[in-house]
Amino acid sequence: MSNELIRLKNCFMAFDNHVVLNSINLYIKDREFLTLLGPSGCGKTTTLRIIGGFQTPTSGDVFFDGVRINDVPPHKRRVNTVFQKYALFSHMNVFENVAFGLRIAKVPEDEIKKRVTETLRLVNLPGFEKRSVNSLSGGQQQRIAIARAIVNRPQVLLLDEPLGALDLKLRKDMQIELKKIQQQVGITFIYVTHDQEEALTMSDTIVVMNQGNIQQIGTPTDIYNEPKNAFVADFIGESNIMSGVMREDYVVTFSGHTFRCLDKGFSTNEPVDVVVRPEDLRIESPENGALRGIVESVVFKGVHYEMIVRTPAFPFLVQSTLYRAVGQEIGLSLTPDDIHIMRKTKQPDAQIAPSPDTQAASLPGSQAEGA
Amino acid sequence: MSNELIRLKNCFMAFDNHVVLNSINLYIKDREFLTLLGPSGCGKTTTLRIIGGFQTPTSGDVFFDGVRINDVPPHKRRVNTVFQKYALFSHMNVFENVAFGLRIAKVPEDEIKKRVTETLRLVNLPGFEKRSVNSLSGGQQQRIAIARAIVNRPQVLLLDEPLGALDLKLRKDMQIELKKIQQQVGITFIYVTHDQEEALTMSDTIVVMNQGNIQQIGTPTDIYNEPKNAFVADFIGESNIMSGVMREDYVVTFSGHTFRCLDKGFSTNEPVDVVVRPEDLRIESPENGALRGIVESVVFKGVHYEMIVRTPAFPFLVQSTLYRAVGQEIGLSLTPDDIHIMRKTKQPDAQIAPSPDTQAASLPGSQAEGA
Amino acid sequence: MHKKALAVPYIVWMAIFVVAPLILVVIYAFTSKAGAFTLENFSGMLQYAGIFGNSFLLAFFATLICLVIGYPLAYVLARESATVRKIAMIFIMLPMWMNFLLRTYAWMSILEDTGLFNRLLSFLGLPTVHLINTNAAVVIGMVYNFLPFMILPIFSVIEKIDRSTIEAAQDLGANGMVVFRRVIFPLSLPGVLSGITMVFIPAVSTFVISKLLGGGMTWLLGDLIENQFLGNVYNPHLGSAISLVMMVIVMVCMAVMNRFGEGEEGAVVL
Amino acid sequence: MHKKALAVPYIVWMAIFVVAPLILVVIYAFTSKAGAFTLENFSGMLQYAGIFGNSFLLAFFATLICLVIGYPLAYVLARESATVRKIAMIFIMLPMWMNFLLRTYAWMSILEDTGLFNRLLSFLGLPTVHLINTNAAVVIGMVYNFLPFMILPIFSVIEKIDRSTIEAAQDLGANGMVVFRRVIFPLSLPGVLSGITMVFIPAVSTFVISKLLGGGMTWLLGDLIENQFLGNVYNPHLGSAISLVMMVIVMVCMAVMNRFGEGEEGAVVL
C-alpha cells in the first residue's frame, strides 16, 4: 500500500444502457509497468481514459496519490497520454510539438530547448526538431508522441495501444525501447493492448479484462502459468480448454481419461474447465502416451511445429520441436503440473469467430468455367 | 514447370525515379499458397497489384498460364483480390456485395442465390445476406470481402494484408480459416504480409522481399532454417547476427571464439555474417559453455524466457525455458548445425529504427516538480 | 458542461435572428396593405400560373443541362492529379469572382444576332441562329451562372470515393461502364442531389438573367417578385405571397427528388 | 489512357465556355462605345473613389461581423451531436431557400423607424434608433444574407479536427482557452480564410441590399455597376472597367490575407 499511486474504486461506466465497466477495482503502484489487456470492447481503453480524465465514471471514485480526482480536468492531472493514433499537432513542427506542454507550463525558453533536445535523443530522433510531423513515418510519429508526453516528466504515462499501427518488426523494436525508456525515466506506465505477447514482454503487472470486468491481475508468469479461468487461459496464449470433472482432490477426469493433478478444494464430481498448454504436451510413442491420437495437421512455426492431434474425445493443439507427419499415430503425455483446473464461469459471449469444428460447409462448386 | 500458373519476368517498376521493383523474376505454381513477405515499401504490394492488373510494370512481362497479360485489364483477368481495407460496396447489402461478380458474369438469378448462400456458409456468416455491410465488425467485413472474391471461382486469389486491421486473437483464427478455405476451394492464394509468423503458418512458399528485390524464395522451413542472408535471417525470426571470418572450410571465428560449422566453399579468411537463432543457444554452467556471459535482462514470453546475455564481444539474445536471474554468470553452448554462415551482402539501408546499443542518451532530468 | 449552458442562449438568439425575418414574410403574405388579415394575396395567384410554369420549366432545363455538363466534368476532375484539380477549380470558380451582372451581360453580347456566337457560326459556314431574348438564352445564362454549384458538390463526393472500391469492382469483372453505373454513380448520388438543389433554387427565382438575356419577353417568377419589391407595382404583400408559394413548390420538388434518390439506384431524376 | 484523350478536348471546351465571357469583359473595358481601343473607361475611375472606399469599408465590416458571429456558432455546432448539427444546419440554410429580395425586404420592415426592432426597444423602455437608410442597415443586411457562407466552411473544418488532437492538448496542460488559441484556431484557419472570401466578394458587389436597406443614400459599387448595365446610364464599357478594377482589388486583398494566414499562427486579420 505504501507506494500505491492510483486507485480505481468501484468504477462503473455505462453508455446508453450498455455497461462498459462493471464496477472495477484496481490499484496501480508507483513506477510499475501495468498493462490492461483484453479484446476490443473489453473496457481497457475506457479505464485508461478515466485515469487520464477524459471520461468520468458513472459511479465510483478515482484516487491519485490518495486524493480523489474524479472532478479534476485532464489538464490539471500529472498524467500524460500517448494516443493510439499519435494525435500530433499537424500545424507545428517536431520541436513545437514536443515543447507544447513545457510552453504551457511556462518553462523558460532555454530550459525548453535543452529538454526537448534531450528527449528527442532519448527517443532516438536527435536533430528532428525542424521537421514537419507530417513528413515522418509511423514509427517516428509514434516516438514524437512519446517524447511529447515524457518531456513533461509526468508521474504516470498512459499509452493507448501505441504500437497498433506499426509493422511487426518495428513493433518488436519499439516494445524493447518503450520498456527501456520506462526504466530510464522511472515513472509509472499504464499500457493498453490487445496483444498478449506485448503484455507479457513489457509488463510488471497485467490486468486481463473482458466485457467490462477484470478477469485476473498478476505478473506475466502468474497470468500465463496460473490463469484463473478459461477466458484468461485462452486469451493469454494458445490453450487446449476442455470440460472435465474433479473426481476428488488431486484427481480429474477429462478427454475420457483420469489424471493426477495438483488441485484440490473442489466438491466431488464438480464440473471444471481443464486447460493444457500446447507446449506442455510431450510427444511419445503411441504405447507410452497417456493419450493416443492421429496427427491431423502440421504447421511449421519457426521455433517449433504446431500440430493438431485428434484423440477420440478432443483435438489437441500440440507444440513441439519434433516433427510428426500428418496421419501418423502418436502418444501424448503430460505431468500433473501441466494440468490447470479452473472453476466453471459463465462463458462470456464470444464475438462471432470461426470455430474450426463446426465448419461443415461444402464448396460453392468446382472450378469449371474456362479462362 | 508443368503446373506453373503465373510468371513475372524481369518485372521492373519505378515511380518518379524511385525504384519500387528491381527486375524481379518469380513463378507461382497452380494451387499453391504463396506469401510475399517483407517490410513496408519492399515492393510486395506492387507485385500483387501487377498480378491483379492494377499496375503495369515499367518493363518486363507477366504471364498467366503461358499467355502474356501485361495489357489485359483487371476485369478480364481470372484473378480476384481481397483488398487491405476490405473495399466493400457500402451502398449494397451483404448479398449484393457477394453477388456483384456473378451479376456481371450474367449468372442466372437462382444460381447466384445458391452460390452466395453457399459461400457465406463457407466463410462462416450464413444468414447475413440482408445485413448492411456498414453494420458488420472488422472480422465480418473481412470475411465478406473473401466471400465476394471466391464466389467467382477465380483461378487465383490475391490477398493484400487482409488481416492487418484485426485483433491478434481474431487474426490467428482467421489464419487457420484462410488456410482451410484455400484447401477447400483448391485455388492459388497469393498473400502479402509483413508478419513473418503469418507467413510461416500459412504458406507453401514464401518470397522474402526487401527494397524491390527478392531476397529468398523457399518453403517456410527453408527460409527459417537456411536463410540466405542476414536480412532474411533477421526478418524471419529473432536472430543473433554477427560479423565473422571463415578460417577454412568448416571453421569460423566470431564473437572472439572459433567454432566448427557445416559450411564450406568460402575463401580463406573471408568475412561472413554469422546467424545464431536465440532458441539454439543452450544454457550451461559457466565452465561448460563455449561462450560465457552475464544475464542482462530476462523477459517472460509465456512459452519461454527471453534473455540478453552479454558476452565480452556480443550481447546474445537467448530463448530458453530455463530461468536465469539478471546478473548471473552463465555459459552458452551451441552445436555446428546451429551456426548459419552467410556471405556478406551490402546491408540494405534499414529504416531508422532503434538500435539498442547506440542508445546513450541521458534522462531529460529527474522528476522534481511537485504534483 | 458549463460550456453548453453558455451555448444555449446564443443558439436561441441566432435562431431568432434567422427566423424573425421569415415569420415576417409569412405575416406579410397573409395581410393586406392596411395590415388586416387576408387571403387575397393568394386568391389572385392563379393569374400567374403561366409565369410559375415557365419559371419552373426553365429552371428544370437549366438544372438538367448543368447536371449533364457538370457531372462528367466533376467525374473527370476527381480522377486527375492534385495539380490539375487545383487549376481546374480556379477556372471553375473564376467567373464567381466577377460581378453577376457583368458576366450575364457578357453572355448577352455573345448571344446577340451579330454577336460572337453567330459570327463563329458564319465563319464556319453555318446558318446563324436567333438566341438573344429567347428562353434558350435565359437557360444558357442560368447554366453559366449556376454550373459551379453543380460541379462542386458532385466533385467533392466523387473525390472521396475510395480508389480501392473502384478497383474491387474492376477486379470482379466490371468494365469502365459497369463500374460507373453500379458503383461510382450510386455512391455519387448525395452530391448529385445537393448539386440539383443548389442550382434549381436560385434558377427558379433569378431575375437579372431573364431581364438581360430574355429581354423581358417572358416574365419569370424572379421578375414578378422583383416588380413587387423594387418595381413600379410595389406590393410587398403580394410579393411575399408569391415567394411563399414558390418556396413551398420548390420544397415539395426537392422532397420528392430526395425520396427517389434514397430508393433504387438509378431511379433519380436522370 | 484513352479516357484521358477523351477528357482533354472536353476540358478545353469547358475552359472556352468559362473564359470567353471573361475575355469579352476585358475587351469591353478597354474599348469605347464605338469599339475602338481606349483607356478612357479607366481614366475617369478616380471620380468613383468614394464609392470604392465605401463599398470596401462596408464589406469589410460585414465580413468582420460575420466572422465574429459565425465562428463561435460554427465552433459550438461542430461539437454538438449529429442531430443538433443537422437541425442547426437546416436553420442556417433556411433563409437561403427564400428569395433574396424577399428576405432583404423583411429586414427593411424590421429596421424601419417604426419597425419591429424599434418597437422592441420601446417595449423594453429603451430609446429608439434610426437605422433604415443608413450604412448600419446595409451592413446588417449583408450579414444576414452572407452569414451562412461564413459558418459553413468554418464548421466543416472544425468538424474534421480530430477529437484526440484536442484531448492531447488538454492532456499536456492546456485549459479550454489555450486549447482553442494554440490548437483549434490555427487548425481552423483554412475554413476562416475561405469563409472570409465567400462573404467579402459578394458583399463588395451587392446592389439590392443597399437599394432596399440603404435607401439609395450611399451608392455602393454594385449600384454603380448595375446602373451601367440595367439603369438609365447604360454604359457597359464603363461598367466592365469598374468591375475589373474591383476584381483586381478584391484579389489583392485576398492574396494578402492568404499570405498572412500561411504565416505565424494568429497573425490572421483577427
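Descriptive notes on the structure:
We call the chains A, B, C and D, going by the order they appear; numbering starts again at 1 in every chain.
Heads up, the rule we're going with is that contacts are C-beta pairs under 8 Å (C-beta built on N, C-alpha and C of every residue); 3 or more make two chains touch, one makes a residue touch a chain.
Here the structure is a predicted model, which is why all the values come from computation and not from measurement.
With centres set at the average Cα position, the gap from subunit B to subunit D is 56 Å.
Centres computed as Cα averages put subunit A at a distance of 23 Å from subunit B. Viewed as a contact network, the protein chains form a single closed ring in which every chain touches exactly two others.
Listed by label, the pairs of touching chains are A-B, A-D, B-C, C-D. On the side of subunit A, the complex with subunit B involves touching residues 39-40, 65, 78, 115, 118-119, 121-122, 124-126, 137, 139-140, 150-151, 153, 155, 167-170, 172-174, 176-177, 180, 184-187, 194-197, 200-201, 219-221, 224, 235-238, 277, 279, 299-303, 306, 319, 351-354, 356, 359, 361-369, 371. Those residues of subunit D that touch subunit A in the shared complex are 162, 164-165, 167-175, 178, 182-183, 186-187, 265.
In the complex of the two chains, the subunit A residues touching subunit D come out as 52-54, 73-76, 79-81, 83-85, 87-91, 100-101, 104-105, 148-149, 152.
Within the complex formed with subunit C, the residues of subunit D that make contact are 3, 7, 10-11, 14-15, 17-22, 24-25, 28, 69, 72-73, 76, 88, 91-92, 94-103, 105-107, 109-110, 116, 144, 176, 201, 205, 207-208, 211-212, 222, 225-226, 229-230, 236, 239-240, 243, 246-247, 250-251.
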